[in-house]
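After the structure tokens below, expect a handful of questions from me.
As written, the chain order gives the labels A, B and C, with residue 1 at the start of each chain.
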Amino acid sequence: MSRTRSYGRKNLIISILFAVLIFILSIKLDPYNLGQLAVALMLFIGVLSIVLLTGASGQISLGQGALMAVGGFAAALAILNLGLSIWVAIILAVIAALLAGLLLGIAAARLSGPYLAGTTLVIALAIPSLATRFESVFGGDVGLNINFGNPPAWLSSLMGSVGYEQWQLLATLPFAVLALLFTSNILNSRTGRSWRALRDNEIASSLNGIDISQTKIFVFVISSGFAGLAGVLYGLRGIVGPSVYPISLSLMLLTGAVLGGIRSILGALIGSILVVFLPDVIDSIMKHFSPSEQVANYLPAMISSLLLILTVVLNPGGIAHGLHRTRRHL
Amino acid sequence: MEIFLSAIFSGTSRGAIYALAALGLVLVWRGAGVVNFAQMGQAMFTTYIASTLIGHHYSYWLAFIVALISGGILGAFVDLSVMRPLSRKRSSNFLDSPAMRSTIPVIASLGILGILQSGAGIFWAAEERGFPTPVNSLGLVIGGKTMPFTAFDLFVIGTVFITLVITTYFFKGTGMGLAMRASALNPEVARLSGIKIGSMRTLSWTISGVASSLAGLLVTPSANLSPSTLDLILIIGFTAAVVGGLDSLLGSVIGGFALGLLISFVNVYDTPEDIFLAILVVLLAVLLIRPQGLLGSKEVRRV
Amino acid sequence: MALVAGVAVSSLAVTALPATAATDPGVTSSEIVLGMQLPQSGPASPGYNKVDDAARAYFDYVNSKGGIYGRKVRLEVRDDQYKAGLTVSSASSLINKDKVFAFIGSIGTQTHISVISDINRRGIPDLFVNSGYSGFYTNPKTYPTTFAGLGTYVVESKIVGKYIKDTYPTKKVGILYQTDDFGRNALQGFTTAGLSFEAKKTAVNFIAGTQGSIGLASQLTALKANGVEIVIIAAVASATAIAVATAAQLGYKPDKWVVTSVGADATTFQTILGSKGVTPAVSAGMLAGIISASHAPSPGDTTDEYVAAFKKINDDFNKGPDKRWDNNVLQGMNIAYMATEALFGTGSNLTRKGIISYIENNGSKMSSAALSPLGYSRTSHEAFTAFWIGAYDGATVLKPITGTRVLYTTDSGTGPVTVSNYMRPALPADAIAKGA
């Protein structure tokens, strides 16, 4: 009991430090990198959904992008049709994603490994296609426009002028902090331990009285809520539509999770920063070599795929695991 | 009536293609215990090689053979460079649970897919190309009506069945085939019986590489060649393999034709916009009602 | 769709454009920086990935002639892979890192809609967008800085639709269309023109991108079985090639194929069939007789002074990986030509507000390679409002059907189709228009 409480305090402190750090960055960075950092935080929430699902409970999903789409569309419909504020819409989006996660989880709880991977891949393809199927509701290929709007007056008066990208980052920050706090607490709780027990040995954990399929569904639901939250924030950058949530978005989340460390919250942060900023870094390095157009266009994708394979083969724990190990050696 | 017949024929000719993709997936699953999401990426890559040869005025059949050989080499390379090192890492605490052991190779295969697709972008500028057929591709005439079914479709179906027969015989009737199955199903026991599991797995990857390459060569005449056009075929092929039973060669072929017909009928009698949903519904229905698929064996399905 | 356009900028309320002195970003005494977003890689890139190289070739030509009031034009390009999520980031990169003066020739409806509000809110000129989606242009109050670079899908299909209805009043007409904004807009235009279709019988559709793996046999069989004599295709070029090839397989020979300009790119058509082993002579034969419409001269028509001049500039200045002369290259060069004209016309004191006001006030007098008038005004930001109708000859050149070229014009609403007497201004001797 006291151990859990001390964890809780530690998690709270880390979350506050995280918030302060991002806030300082939000004043220091240039607008482009502010926007990129905002995307990284949105994806961080999405990657956390994979840390919970795959890292903690051992279920894989290649369809988190579809759940992001559920969140995005739910929010867009709430904003455009019901005239709700984006904050209420975000809450509704999370609820919609939780419900979608429940449906998916009921099916997914019976699957694992490649079956689950393939099924979620089909989901990633099928769900966004609903937008064109029911065009009058979801806006078809063109999608639905939503955005963060203008920063509230009190914020502008507090901080001087708040730029568009800066506002995206500041509006995303509280949700990222909440996601961080929630994830670190649940992973250190009894619940989190039961998930890991399930991942490591289904039979043993069922003998210990853990209801396997209920637990799996529960993880799926929580993870979907995270994905939905990430999805609505991602959509609030300007648009919700099928081309915003392609299969490649799901694979990008997975890549971020694996590169950073699929079992680590720190890893999720590192991974999301990596997938967002790596193409920029590669671009700025490549500029010195004036590569052909094809190389310039496809090299970032090739390098991130290569890193994914190298991580899986050489260091499956990802960068975070490497850091832990280094620290232990010191 | 013409529309109904044409739905059947169109479904059958597409089904043959899906069957080929499903067959390739089952081959690696049986031989190495991995569902290879990079499979159609490999097919795409080797078909670009063939297409480039043909573009340089080499004969179709030379390009065909070169593509099959490079498919085999690519398959073996994937195993030796990625999958074998992965399977050796069982001691790592990230691979210590069955859940993670079956998950990690999937992630690795997605990485391979990414490399092949971006590689095709770099080498071939992602140019969209067609691909020739070795035989005439005019529709057969039945009762005065031309059906969406050509001599080439017959060629594809013939190839699917020959591949099915050869691989079935190989797995059931030859020592090497049995050894391959054994090493995939129960590596420990296989190792104790003196089977070199590593070599057996590399062999499965090689054979599957050849089969994937064949699929690429036979699919692309009807589906233009570009780095990602075959992605959808992988997804349909996977669904077909699951419908048939992921470890059954015959099942995967039946699944392929079933999916072909299903898509064709949705296309004709419902609307093309429902195809993705229909695939999802079929996949979920099979997995929830009959998880081992039509012909899969229950005991080996380690879901 | 009205919903989308209406609420697009509601919460970002476009107030007056920001006050601009001569210190707008992207302009120095020696340079003007422009930005372009397009799919350079990925499934949507084939064909379109040539547009940026073509535009840059024209700007390089202008730079070689001394630039615009001494300023060299630099074109910064970002690949968004046709994914809206990446479009948002790459727009931010062009705005904040490259500090572009204006956007030019961005490609794609779904992608551009994700950034159009932000670009407009910042008052950045959004010139000559390569999308025929009318929602961007018909109400300049919503998107005050955005100008079209293509005729709208609705205008084109209304004009072609009327032609079909007048020329073949007794024939049964059917359509094959993509289920995206382009296909649906086209369907809407043909319907407005008075053609009627019956779903699944004479109007069949497919999801863009699946034409390869799933095929179009069922769709064409439906048209064939329902006795459709004139088939309209509203699809990208690669799907058009598959549709025509599939029909040949089925022994389906409609009296006429009608292909919208988006899908009627002869080079793409021949490249795809060529790599299937169809010789250029044979694929040219398949193309022959196909009816299409265009706002521009056919790229194959080298007697056209603009085509000849642009082709020469392309040969001399294009450094892209694929500089083969076709519709995409012509289009890329033409928007660069128009941008150059507008930049010259705005004057040496170049501002964002200035160029927008120049195009609104003088746009209808601007020249371009297109044979169509430009529709730019204070009340409309549509570009090419007229199309001529032609048929491909045996050498892949689109030629006027009756020998003489007739231009038809209409609006993106329900207005009538009328004949236009517009005469394109002659090409300046150095192929650079200096504006009014």
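Everything below uses one rule, namely that a residue touches a chain if its C-beta (ideal position, glycine included) is under 8 Å from a C-beta of that chain, and two chains touch if they have at least 3 such contacts.
Since this is a predicted model, take the numbers as computed values, not measurements.
Counting steps between touching chains, the shortest path from chain A to chain C takes 1.
Comparing the CA-atom centres of all chains against that of chain B, the greatest distance is found for C. With centres defined as mean CA coordinates, chain C is found 37 Å away from chain A.
Inter-chain spacing, taken between the CA centroids of chain A and chain B, is 31 Å. Centroids of chain B and chain C (each the mean of its C-alpha atoms) stand 39 Å apart. Counting partner chains per residue, chain A has residues 129, 132, 294, 297-298, 301 touching two or more of them.
Within chain B, residues 121, 125-126, 232, 273, 276 each touch two or more of the remaining chains. Residue positions of chain C touching 2 or more other chains, listed in rising order: 41, 179, 207, 321.
In the complex of the two chains, the chain B residues touching chain A come out as 29, 34-35, 37, 82, 85-86, 89, 92, 94-100, 102-104, 106-108, 110-115, 117-119, 121-122, 125-126, 231-232, 235, 238-239, 242, 246, 273-274, 276-277, 279-280, 283-284, 287-288, 291, 302-303.
Per the touch definition, chain B reaches chain C in the complex via residues 2-3, 6-7, 10, 13-14, 51, 54-55, 60, 121, 125-133, 137-139, 141, 146-148, 150, 219, 221-230, 232-233, 236, 263-264, 267-268, 271-273, 275-276. The touching residues of chain C, counted against chain B in their complex, run 41-43, 45-47, 49, 179, 200, 205-207, 209-210, 212-215, 217-222, 225, 238, 241-242, 246, 248-252, 268, 271-278, 321-322.
Considering their complex, residues 30-32, 35-36, 39, 80, 129, 132, 135, 139-145, 147, 149-150, 164-165, 234, 237-239, 241-246, 248-249, 280, 292-294, 297-298, 301 of chain A touch chain C. Across the complex, chain C meets chain A through its residues 1, 3-4, 7-9, 11-13, 40-41, 53, 79, 81-85, 88-89, 92-93, 95-97, 109-111, 113-115, 117-118, 121-122, 133, 135, 179-181, 184, 207, 320-321.
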